[in-house]
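Quick one: the structure is below, questions incoming.
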């Protein structure tokens, strides 16, 4: 289990290689990557273009929360390796925000673990997004969505 | 939608880059990779080490079946890009067999589409595996598992 | 003629990758299967499995589906890819 | 003392990243919240939200949980990472 909370970017291909390195027992690898979109899907239906996304986090608790979520996943499913990376700081459209990867002997375990980790990360890990429109000096805090809290109910 | 049935290997990192290239609308990318294990999980509980996996396929129908499965996924979920690669021929332990990747504005759509495609691919796409133990000249055909057919019922 | 293909363990059991079957008197896939099974005891045994899968013109099909001259019919065991 | 932290929009509303609060007379997080709200109308308004989240010693917690000298308590709006 490997958890990183970092300002730097990451390379999903390199993360895949690490999940697979000397790993001949887990036939299944599932990965999820979240990227910055270039618009904000306003609930009013009006889309606003986003130039910069600023990610604030709670140092210490962010790592602890992700570790706890990964442990819960490892208790529920027979997982080999689990990798979570979450970035903070200013990000541009297209940039990677989050990586979740898991390996298992069973494909459904690997895929379910990725979905589980993302669902809990979305509602339980202390990160906050602020969107800045092109040229804007003040940003808008992204509002939490009820659908994210609802997503936890299926687990 | 891009489907490949090929003998050559593939690079999941490069596939990720293609799914993301100039893609600023889909915040979510889900990927699944299946790799050759170095053992066969015998139902008797006895594990046998596997040196080579030979994948036979039905040329023409293999591509058609994967295309059909990808289309069904795209009808069920709001997907951006879908990529499926399935290899055939002789493979060694650790080698990639299959890649499924999908992008979406919604994380659950991307993850569900990967799981759906893998489930249908396992039971509906014409590929057959034969395992060769170390030094063995004759191999054993892998038997289809009821659990794979059962996995379709949830969709 | 009907272009008939066999894959995987079935191909090995029959020692045959494919053949051209006369379409005369064949109305559905079950009929084609029965005419193939009549080729000998090996064929009868291999084609008797209730696990046998069939594809008509490269799409999964079933035994009661009509087949005609020029069709491609493939028989194979349950698939195990992925 | 209790080490109190504020994040995201709450940090901006209060124009405060954190402070040391006297633990005397504080028994639970709700009490700490009330004493912070008493600092002025800005504080009262910002801390009144029923969406307010709280973490005790870097673990998600709730208002009725006991708090003591030396604890770290963070208040923040619903999280939006991932």
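We call the chains A, B, C and D, going by the order they appear; numbering starts again at 1 in every chain.
Assume contacts are C-beta pairs under 8 Å (C-beta built on N, C-alpha and C of every residue); 3 or more make two chains touch, one makes a residue touch a chain.
On a predicted model such as this, the values are computed, not experimentally measured, just so you know.
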{"item": "Approximate Å spacing (C-alpha centroids) for the pair chain C, chain D", "value": "72"}
{"item": "Chain B and chain C, separation of their C-alpha mean positions in angstrom", "value": "26"}
{"item": "Cα-centroid distance, chain B relative to chain D, in whole angstrom", "value": "48"}
{"item": "Of all residues in chain C, the ones touching two or more other chains", "value": "82"}
{"item": "In chain A, residues with contacts to at least two other chains", "value": "34, 107, 118, 122"}
{"item": "Touch-based graph of the chains, sorted into line, ring, star, complete or other", "value": "line"}
{"item": "Chain-to-chain touches, reported pairwise for every pair that qualifies", "value": "A-B, A-D, B-C"}
{"item": "Residue numbers on chain C that touch chain B, as the complex places them", "value": "5, 7-9, 11, 51, 55, 58-60, 74, 76-82"}
{"item": "Contact footprint of chain A on chain B as seen in their complex", "value": "11-14, 16-17, 20, 23-39, 41, 93-94, 105, 107-108, 110-111, 114-115, 118, 151"}
{"item": "Chain B residues touching chain C - in the complex, by the definition given at the top", "value": "34, 55-58, 60-61, 64-65, 86, 97-98, 118, 121-130, 141-144"}
